[in-house]
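Letters A, B, C and D mark the chains as written, and numbering starts fresh at 1 in each.
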């Protein structure tokens, strides 16, 4: 991941109860940190849909989550997380994120998350609305690989 | 708390991610263990209302939670939790619970939780239904201090 | 609890995964929020002992935790937590805390936590060091009820 | 993943506080469920090293974790998790796991986790001991792709 491609950043302070028996942040918490940053990303680009949005017509579902762990975080660490939507296809999009220790700049972890737009009752995938494509495109300034549908959705 | 008064018991296995930097179960998890046992208690007495039940007319709200910690639990510990409704008043009831190490019988913690029946929209307290009083009374065999309303609710 | 007696405050942002099936912060998380604030309190008064400090001679153990729930927090809420040590006895001390919605000033919850200084191997209680009494006394400006031992510890 | 290749299974009951605002198990919990099963797997094959084992000479570090989500779990679901070590290389090994609803047999999620044997102070990778290779080989009956070092370690 090329840090220069990321525009959105968040800072998260490690909480003491997130530290495990080894004196480091338990591996499950990094996934939660990345989610916090992802939700903030959606707010920042102006999208009113985040992962908890349940409207009558759509529901955003996480279908894949992947973390590479490089170094561990521990007590009092301030974490800096870069998040971006890197690509949008017909019904799905990919969020890339990378986490550093905000003070030492040591690389902590990388995350790839794939989310799918679905119909809440049929649970079938539906096209990502063009409004969301436009918000990402505008915010990312061309750095996101966006597939535009031939017909307006 | 007098153990002989408790009829309902649960066993819960400590999960490795619940262990904190001190090598013991983090204090916040005991409250969750007691909740798991309380939800199971409601099932066992035959009540279709537990803490997540949101019907059109009632919502059960936790208003007070109190834990005394005596000894800590750690890796692989099997916990035994005794739970009972000890009293029911007009709109509220109290759950007592006590937790032991299931193998050593060492006392781990005690819990008192007070819950209130409320109206989901006005959020005002409403009378505990007599059906719930009957279920507790029957299950506890007279060990619960139940205030019976003069008029049927 | 009299808010004017509290000098230390923290702000905590609710995280989306802390919301439960009812659309509100799950009751177990408030206890964690109060702990975050308590750890920050110890830092602010200049004490190098917090709950995770395990030195050769002491270990601080939580023996009682009590929460009163008044109103629930939910998505995106910013919480303001007031924390103080209200009293110190021979081996134990009490932390009082109160939590508000930072924007609406609605009262969310109150917390009383009792902690005991113990010997890490014998697990017996030991006197609270005078250094800690002095730090609390100085920070709280006389608002904490501190029992001073007759002999220096 | 071919279920017939898995010998180890676990059953985990969803806990009510693991349910999120959407009425389903929050995505972060699946990763924790897979970890519980992995720790149990290590016990069952007779390995005294699990993820929390910190001996003087080795430390097992999670370097990659990957989940595919197919269907969500919810209240009261009983989950069945199949876990196996699918391959062992020089310093690392891969755990495969797959999770079903134990009652409906609906596929919930798949997990791939890569763990590395490291030296606890230098943090450099060290060879996986042959004892661990033998335990996996024996338990898996030839289904694990094990690279055997030319020289005994």
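Throughout what follows, contacts are C-beta pairs under 8 Å (C-beta built on N, C-alpha and C of every residue); 3 or more make two chains touch, one makes a residue touch a chain.
Please read all numbers here as calculations on a predicted model, not as lab measurements.
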Note: of the two pairs B-D and A-D, more contacts are counted for A-D
Work out the mean Cα position per chain and let me know which chain is farthest from chain B. A
Could you put a whole-Å number on the gap between the CA centroids of chain A and chain D? 25
Whole-angstrom distance, CA centroid of chain B to CA centroid of chain D, is 33
Quick check: what residues of chain B touch more than one other chain, meaning two or more? 16-17, 19-21, 28, 32, 35, 52, 75
Contacting residues of chain B [partner chain C, same complex]: 20-22, 27-28, 31-32, 35, 52, 54, 59, 61-70
For a test of understanding, state which residues of chain D touch chain B in their complex under the given definition. 15-17, 19, 32, 35-36, 39, 50-52, 75
Footprint of chain C on chain D - complex, ascending: 16-17, 19-21, 23, 26, 28, 75
